[in-house]
Amino acid sequence: VSDAAPEPINARLEAFSDGVFAVAITLLALNLAVDGPGHGTSLARQLGDRWPAFVAYVVSFFTIGIVWVNHHALMRGLRRDQGRRALPFLNLVLLLFVVAIPFGTATVADYLRAGGSDAHLAAALYNAIMLGMAVSFGTLFVWAIRADQFVRRLTGAEARRATVRFGIGNLVYVTAVGVAFISPPASLAISALIDVYYIAERTPSGGS
Amino acid sequence: VSDAAPEPINARLEAFSDGVFAVAITLLALNLAVDGPGHGTSLARQLGDRWPAFVAYVVSFFTIGIVWVNHHALMRGLRRDQGRRALPFLNLVLLLFVVAIPFGTATVADYLRAGGSDAHLAAALYNAIMLGMAVSFGTLFVWAIRADQFVRRLTGAEARRATVRFGIGNLVYVTAVGVAFISPPASLAISALIDVYYIAERTPSGGS
Amino acid sequence: VSDAAPEPINARLEAFSDGVFAVAITLLALNLAVDGPGHGTSLARQLGDRWPAFVAYVVSFFTIGIVWVNHHALMRGLRRDQGRRALPFLNLVLLLFVVAIPFGTATVADYLRAGGSDAHLAAALYNAIMLGMAVSFGTLFVWAIRADQFVRRLTGAEARRATVRFGIGNLVYVTAVGVAFISPPASLAISALIDVYYIAERTPSGGS
Amino acid sequence: VSDAAPEPINARLEAFSDGVFAVAITLLALNLAVDGPGHGTSLARQLGDRWPAFVAYVVSFFTIGIVWVNHHALMRGLRRDQGRRALPFLNLVLLLFVVAIPFGTATVADYLRAGGSDAHLAAALYNAIMLGMAVSFGTLFVWAIRADQFVRRLTGAEARRATVRFGIGNLVYVTAVGVAFISPPASLAISALIDVYYIAERTPSGGS
């Protein structure tokens, strides 16, 4: 790096975000922990009883992984020398929700089998965090379009299609929050289906 | 990288610091954890009672995020080939306080509603860590000016303005420590206001 | 980075994976923790009783380290501009198992000395995670061959030799899962021997 | 990065090591955590009683920071295209001890005030981990000299001086382990003094 050309924030923003994504995705596994021997419940029983923890681990792992992939797709399409003010703070709001995912995951895993209003609330909390993440990612995307931050400017049709897609994603998460108050497992299943959808689909970016 | 031009420490210092910032900011969420079912308190009640944990999470998250943005702004303005001795150690002192933020956050979140001298002490501890961080960041900045480390040398006016700004920031944190012994919530509110101020403002650097 | 040449995913995929590997390998040490004083058991006794935790720590540390080295060897051989769809998701499946290693390690360390069916299950769980990791690494490798992703195309003989080697590795882990139901320590010893084998051997890659 | 020139392992080895150093140094703060209200001990009392945790935090934080600085100094002096076999595994042994530092730190912090043989053992364990780290760093350095890995070959005098310095460092840690059985606080003080010494001194490398 030459002294004359100071590094734009993009590279470090990606490095910092990668670190946050990596730590958050790894902390998910902390909730798999079982009690040691001498607590009166066999290991087989504990692992069987804790199936929601394993399901929630896999769903949240792929959710964070997908957001990371979409984050990469978005970032690589951005100009390298502008938008320094808004970019890191909009990104920080996204990370605020990403970092809360292990908390939401542990809560839904613990309360899913408890039933009653606690299970409803736990599933709603989980999908509310996901919704917050989806909305803040969409905000970052819309900002990039409005502030003309893409290296290759999106056509009106591309921008509309992307906006529609984000809108649908957000609506599905809103639905998942609502469904949580009827059936927590169904609410978690919706989150899993969103993962499957995003693995098949891909966020458009100005860069490819 | 050519064998003839050994990499300056800046790149790895940023990578290491990014890692520390990323881990510290992610560990903040550990303190959001609630007890599992069967502890006699409903999830709704637990989440309601633990509102200081959520407030403290958001405040500390943005504090670390802002310090990261300022750290980037400072680092990208520095020369790439000098100051190897003092730079990593002054940076290490800054990180010592950054890493302590999740501890301070968890303590204030746990004790804010306890009231009495424990709540006072917790809020004072929290803002003392913030003050330590602000002072060590300011020290790094002043060192960079004095040791002529900026690629584009700051004018006397710029350096004075930056020094005044850091001085005010430090004074506000000193005030927050003092206010902690009168009203812990007011002390935490001052920290939140400092975040808002720094999101609106930006640290000057030689690089832009 | 020029605006005209958007960064391929490889660099960030490596950075993100490095982060996950680094966090997972560091979380292994959390399971070494002993109880503080006043729990009725001397520190010497605790450290002596917890020898499986130290053995499992070393075995898992080198396992993650070896996978990291093999991951580097594989990644550096890949083309920089293709395979963006499948690569991050196959990599994510690998990381899903890497992140579960601290959980498996803690479980086997806690239950190894308990004996009975719990010890059998713990050792089987541990090696099942290792098997999942080995299979997903092999899948990534086979995908790279089939999708012609290596910069320097492997010869038929090289590809066959690598496939045979992965097949043997997977078979040994299958054996370790089976042996777990006869002798948990022998099952753990097999994992340790696989580490020794891979430190001596090296994954081939198109790049060297 | 051109397809024709595969990246040497050095860059990712540094990135991975940076991640491990960053996580290990941040996990040190987990041991600062105090009990929440309602446990019968005031916060002021808890913070006062737990002074060894704060002292151990600062000492270990600077130890890891110094090893990171020395690691950088060593790595930047190495050739970029050789020694791929031994380098990652010798580095892994170093990291095995770095990752164990938070465990040693928590143990000595918990047991220092317990007195008796437990305090002796805790301080010995702490400095034994430091010794393991120092020996594995020295091994990496000696390997780099013997395998002619430095870009700028060290003179015989430089190599001898560096070897003597590492030898002295190791002897001091051996002494600290021995002193642990007489006076745990004195043993911890020796570790602190080694930090002060290394902040003043600097590891030589082929690169500067």
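Per-chain numbering from 1; labels A, B, C and D assigned in written order.
Here, a residue touches a chain if its C-beta (ideal position, glycine included) is under 8 Å from a C-beta of that chain, and two chains touch if they have at least 3 such contacts.
The model shown is predicted, which means the values in this text are computed figures rather than measured ones.
> Measuring between Cα centroids, what's the chain most distant from chain A?
Farthest by centroid: D.
> Do chain C and chain D face each other with the same patch, meaning over half of the contact numbers show up on both, or with different patches?
On the two sides of the chain D and chain C interface, the residue numbers are mostly different, under half being shared.
> For chain B versus chain D, what separation do you get between their C-alpha means, in angstrom?
Here chain B and chain D have centroids separated by 25 Å.
> Just the number, please: Cα centre separation of chain A and chain D in whole Å.
So the centre of chain A lies 35 Å away from the centre of chain D.
> Provide the list of chain C residues touching at least two other chains, using ranges where the numbers run on.
Within chain C, residues 15, 18-19, 22-23, 27 contact more than one other chain.
> In the complex of these two chains, what residues of chain D are touching chain B?
11, 14-15, 18-19, 21-23, 25-30, 32-34, 36-38, 42-44, 47, 57-58, 61-62, 65, 68-69, 72, 76-77, 79-80, 151, 199, 202, 207-208
> Under the stated contact criterion, what part of chain C meets chain A in this complex?
Listed in rising order, the residues of chain C that touch chain A are 1, 3-4, 6-7, 9, 12-13, 15-16, 18-20, 22-24, 27, 84-85, 88-89, 92, 95-96, 99-100, 102-103, 106-107, 110-111, 114, 117-118, 121-122, 125.
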